[in-house]
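Both complexes below contain chain A, partnered by chain B and then by chain C.
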Partner chain A sequence: MDTMIIEFLRLVLLSMVPFVLAGQGTMLGGRTGVFNVAQEGMMLVGASVGFLVSFFSGSIFLGIIVAMLSGALFGFALAYFTTSLKMNQFVIGLSLFFIGLGVSTLLPKLILGITLTPPLIPTLKSIPIPLLSQIPFIGPILFKQNILVYVSVLVSIGLWYFLFRTQKGLELRSVGEYPMTADSLGINTTKMRYWSTIIGGMLIGMAGAYLPMVYAGTFTEGMTMGRGWLAIALTFFGGWSPLPILYGSLFFSAIEVLAFRVQVIGSFLPYQILQMFPYIATILVMIFTFKRSRVPAFLGNNYDREKRSL
Partner chain B sequence: MEKKTILELKNVRKVFGQIVALDSVSFALKRGEIHGLLGGNGAGKTTLMNILYGLYRKDEGEILLRDQAVSIQGPRDAINQGIGMVHQHFLQISNFTVLENIILGTDVKNKYTMKMDQEAEKVKELCQRFGLNVNLNDMISTLTVGARQKVEILKALYRGVDILILDEPTTNLTPQEVDALFVSLRVMVNDGLSIVFITHKLREVLSVCDRITVLREGKNITTLDRKDASEEVFVRAMVGEKMDIENSIYFATEVRQTFDRTSVEAPKLKLENVNLISQDGIPRLKDVNLEVFGGEIVGIAGVAGNGQRELAEVVTGVVPVSNGKKIYLGDDVTSKTNEDLLSSGFSYIPEDRLSDGFLPKATVAQNLILGQHRIKPYSDGRFINWKTVYAETTKNIKEYNIKTNGPGDIGGNLSGGNIQRVLIARAFSMDSQVMVAHNPTRGLDIPSMDFVYQKMLARREAQLATLLISEDLDELMRISDRIAVIFRGQILGVLARDEFDKYAIGRLMSGITSENQPTEEKNLP
Partner chain C sequence: MTIAKKILPYLLAVVASFVAAGIFISLMGFDVFKAYQTILFTSFRTPNGFIQTLLKFIPLTLLALAFTIPLNAGKFNIGGEGQMMAGGIGAAAMGIMFADLPAIILLPLVILGGVVAGALWGLVPAWLLYKFNINEILTTVLFNFIALFLIDYVCTGPWRDPAAGHPTTVLIGRGGWLPMLVNNPPLHSGIILAVLVAIGVYIYTSRTTGGFELIATGANPRAAGVFGINTRRMFVLSLILGGAVAGLAGAFEVAGNQHRLIEGMQSNFLQLGMIIGLISRGNNGAVPFVAFMIAVLEVGASAMQRTMMIPVEMVFIVEALILLFVLLSDVVRRK
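Right, the complex of A and B next:
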């Protein structure tokens, strides 16, 4: 029994990574007002590119780096169209999603052609942390994970610290709340929006690269399976704050693992119902925390200095 | 000793589209003075100061700061040159703390921990020195307008400015808060700061300023020392030669007769225990009881956001009451829609003219009959008689001095002040039994304001009822017969004309009733 629980919780942490990274990436862009809805496409590109680079270079590390760069590129595009050209964020985000979807499928076909047996890359190994991993029960759950599990937790804590304990973080948040104020105090709102969206894009790209490197060892079409969309729900669920997003990821991931189990061993409950849980939970959370919800006030809007309403 | 000139604006010109907002305006500020910049709406006061602060580009002219020509491209430049501005609409982030708002955009000592003890110390010192008491850890969203203004001033002082521009700083302050502000300003100039005080309120410049510059229609009229000039001189400078000051209501000094309610049997409009609960479950109006009689102007005073808008919308049927009763001419009209009410003798000047009162894509004529388009003479009940509409609206355009190419002109072409005139013409052109006017004179120059007051008094003569909701306490005291003070959706008190006292009203505006004695440093959210 004990081993089953340990195994379940270990898997929850393992599967939490794409949620954490994509959620934090979305949150970071949103904190300056840029509402990214292209995660699903960006993650697919990250997965595709990450897989291909790892496959040809033999280096998973290089694969992750290039996947992050692809995310940065999408982030840059999003920032450019919304912040510099002041185009509608949703339209641009959806366009980028479809572009990502297409590119991610096309690249492997162009480069690898059609193969009978899927080309495989080695999956990420777990790195047990000396001593800590020996702790009974907790050890194997928390300290016998692959590198990106640790990274995703560190990224979350790092972002929390940056946003709420540094001057730059305060300035960044002010841009997502009331850019007119930030602008009047000499904060470069354009630069802030670009950087937050680009770095957010990197995290989302990394989230995508994780999928072939941990689950299948290969890239398959649409392998994100809606995790990108869930990342949007997650940021609302987590109130656009790094630590609640980390906790929310655990919940979303637990549902995913559970749904997978149910699919394999069967249950009275169809797994599709289980898969709806994160969305239902998000709606419930948004209803009950509505008044206290901490959505950045300027989320989804573009700031135009010339249209100053003073 | 003669005070030195610290700042000089020379021959500044600014054109917006086809409108000349500033026509060769000059302005000189001396060190250590409070300089009033006086004028009605549209005089160009704010435009001039926005140019100085780098928000607008000037078309012509120069700025001399400490005898040096300077180029100010944006607020950042202005702040670096020691110029701070407190806007009428505060630039603050509502879910940041007071301290965070003050230090935002400056370098703090502990950038990577944000332990801001040192910064807090400095702000507290400023608070004490200038009598600006705010709690640094409070969220902006929980503060009163008065407290938020202190934050805005502290923001400028923290950046070490020596020239401070205040744009209509007394809007929405209670008289007590105004007095406290003036005391603080005096301390600041004694400390070496120079202050520009933008206002349209003559009484305020007379009580606090050392020198006064009057602008009218984008032109310099005069600059005078306070002690060298009388009130009449400034009045004349503000309004020009055309206006008849003797018979104006705006500058009236004589006491008007108190409204004699005993001569009227029943109120035209009566609210009985009216409550309004918003969609998110927050009570917006609480047990409001109010009567408005024919021949009476009832004023509603209060700091903006205390339920004025909700009251106007409940009375006019825009939003249904949650519970309570509305009686109009003896009939229960609680469940009537605003369509019914507008057709049966109500008129309404909404507060937010752009979103609630005006269709920018419709013609001026259409806008002028909006809401009354269902009734005679504009309609026979089925069809609109456009011939009558054009004839009537052409008359109204003339009478209400609306600057437009004619009734067929597109509404969106009008300026803000002219849009307000359309709303006024629409409401006053019908002899409605009950009028609800919410900030009816916002954006109007003094002669136009006076015109609105004349119209309201004419309604009074005609035994019609008027409910005047205004953020301008002077306006309310000028023409109301009674003033009811609203605070957090509750009517805290009603004063008759012979009991008017701005400090008493101010106390009620900040929620202090006689049972609940004033507590000095309490910030009411």
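Right, the complex of A and C next:
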């Protein structure tokens, strides 16, 4: 029984990574008012590019870096169209989602051809932390994970510190609350929106790259299975704050792992009902949290300093 | 503004995206002219090609309308896929449960089953929006995934056709089949209904009070509210209408094309429908024309993949680029 619980919790931490990274990426952009809805497409591109680069270069690390760069490119496009050209954020986000969707399947087809046996890349190894991983029960759960599990936790804590304990972070948050005031205080709102969206895009790209590197060892069409959209729900669930998003992703990932485990063990429920479970649970969770969620006041809007009022 | 001036940005957008994609295609070492010839003319070269195009035109128009009707009210319905699948399930359920009824009863029942199921699939996110103020983008998307697994359940459950290799239900009753307009190659009469629906939606949104309230809600919800329009109710109505139209598309796939429910029938109609709706800028009158154009590109794309081994996604990216350039033309005009 004990080993089962340990295994379950270990898997929950393992599967939380895409949620954490994509959620934090969404949050960071949203904190300056840019509401990204292209996550699903950006994660797919990250997965596709990350897989291809790791396969050809033999280096997973390089794969992750290039996936992050592809995410940054999408983030830059989002920032440019919304912040500089002042175009509707949802429309642009959806367009980028389409492009991501197309590019992610096009690239493997062009580069690898259409094959029935896709090539595999080695999956991320777990790195036990000396001494700490020896602690009974907690050790194997917390300190025997792959590198990105540690990275995602550190990123979350780092973002919390940056946003809530530094001057720059306060300035960044003010852009997403009331950009006119921020602007009048000499904060460069445009620059803030660009950087938050680009770095947010990097995190989302990394979240995508995690999927082929941990689950399948290869890229499959649509392998995100809605995780990008769930990340948006998670961001609302976490009230657009780094630490609650980290805790929330544990919950999202626990549901995912639970649904999968029960499927493997077998139950009286048809397996399709179990597959629906994460999505239904997300909707139920939103019913209880959506109203109370603290949302950046300027979320989804574009700031035009030449207009008289917001 | 003259018509020519109106169409010019679209033409430029199409040309620009074809040039951009053409550079990429030639860099990959393919013959660009042959590729574009295939994409543009496959639909018009043979009767079969043209009918294939019309068969794509039906779901594309309906799914685009499923997106634009809520868009007119200022809401994003990204659940057309789920609503279409729900419609397919509803239609198949009617056609299988009442398989022995005569066509005069069964056919309307099958169509209605699809429309009602689609509307219900739109109603739930609409209700969540009305009651709890939950962002409709998220809920409609999540309902796509729920429908995806539901269709898998139906196709592998008690109605499953054991002879088929792919998850599929048994055939629906003969009475539920849409009559054919042309037998070889097959074209079902759903296209007439689809065109009628498109015209109806256009008239509703541009010539009636109800439609005007819908558009007013989307244009400026606060002003609409001040003038006594219940905007929240308009949101709900628009999402239900959108769901019903997408459900109709699902019913047509079942009653017209396959005569059974097949997993994967939703194809990528959702994304294409949204691209069509956005290129039309939410103008319901323009939707059928843009949908026809995209249908031509899609039929050409699969021909291109067959004969030249260029993946179909290439054309999907072209379509997304057209959308982006059309959107950009707005910015250019503003300056």
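The rule is short, and it goes like this: the second predicted complex is superposed on the first by the 284 of 310 C-alpha atoms of A that agree within 3 Å, B and C clash if a C-alpha of one lies under 4 Å from a C-alpha of the other, contacts with A are read in each partner's own complex, and residues count from 1 in each chain.
Going forward, contacts are C-beta pairs under 8 Å (C-beta built on N, C-alpha and C of every residue); 3 or more make two chains touch, one makes a residue touch a chain.
Note that the structure is a prediction, hence the values are computed from the model and not measured.
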Looking at the overlay, what does A:272 touch: chain B (first), chain C (second), both, or neither?
-> second
Look at the residues of chain A and decide whether chain B or chain C touches more of them.
-> C
Touching A:225, do we find chain B (first), chain C (second), both, or neither?
-> second
Between chain B (first) and chain C (second), which, if any, makes contact with A:105: first, second, both or neither?
-> second
Considering only the touch criterion stated at the top, classify A:89 as touching first (chain B), second (chain C), both, or neither.
-> neither
Is A:197 touching the first partner chain B, the second partner chain C, both, or neither of them?
-> neither
Taking the superposition as given, does A:171 touch the first partner, chain B, the second, chain C, both, or neither?
-> first
Interface residues of chain A shared between complexes with chain B and chain C = 290-291
If you look only at chain A, which of its residues touch chain C in the complex?
-> 37, 81, 85-87, 90-92, 94-95, 98-99, 101-103, 105-106, 109-110, 114, 225-226, 229-230, 232-233, 236, 270, 272-273, 275-276, 279-280, 282-283, 286-287, 290-291
Flag every residue of chain A that touches chain B in the complex, lowest number first.
-> 164-168, 170-171, 173-174, 177-178, 180-187, 290-291, 294, 297, 308-310
What does chain B use to touch chain A in their complex?
-> 50, 55, 74-76, 79, 87, 89, 91-96, 100, 104-108, 111-114, 280
Chain C residues touching chain A - in the complex, by the definition given at the top | 28, 76, 78, 128, 132-135, 137-139, 141-146, 149-150, 152-153, 156-157, 271, 274-275, 278, 311, 313-314, 316-317, 319-321, 323-324, 327-328, 330-331
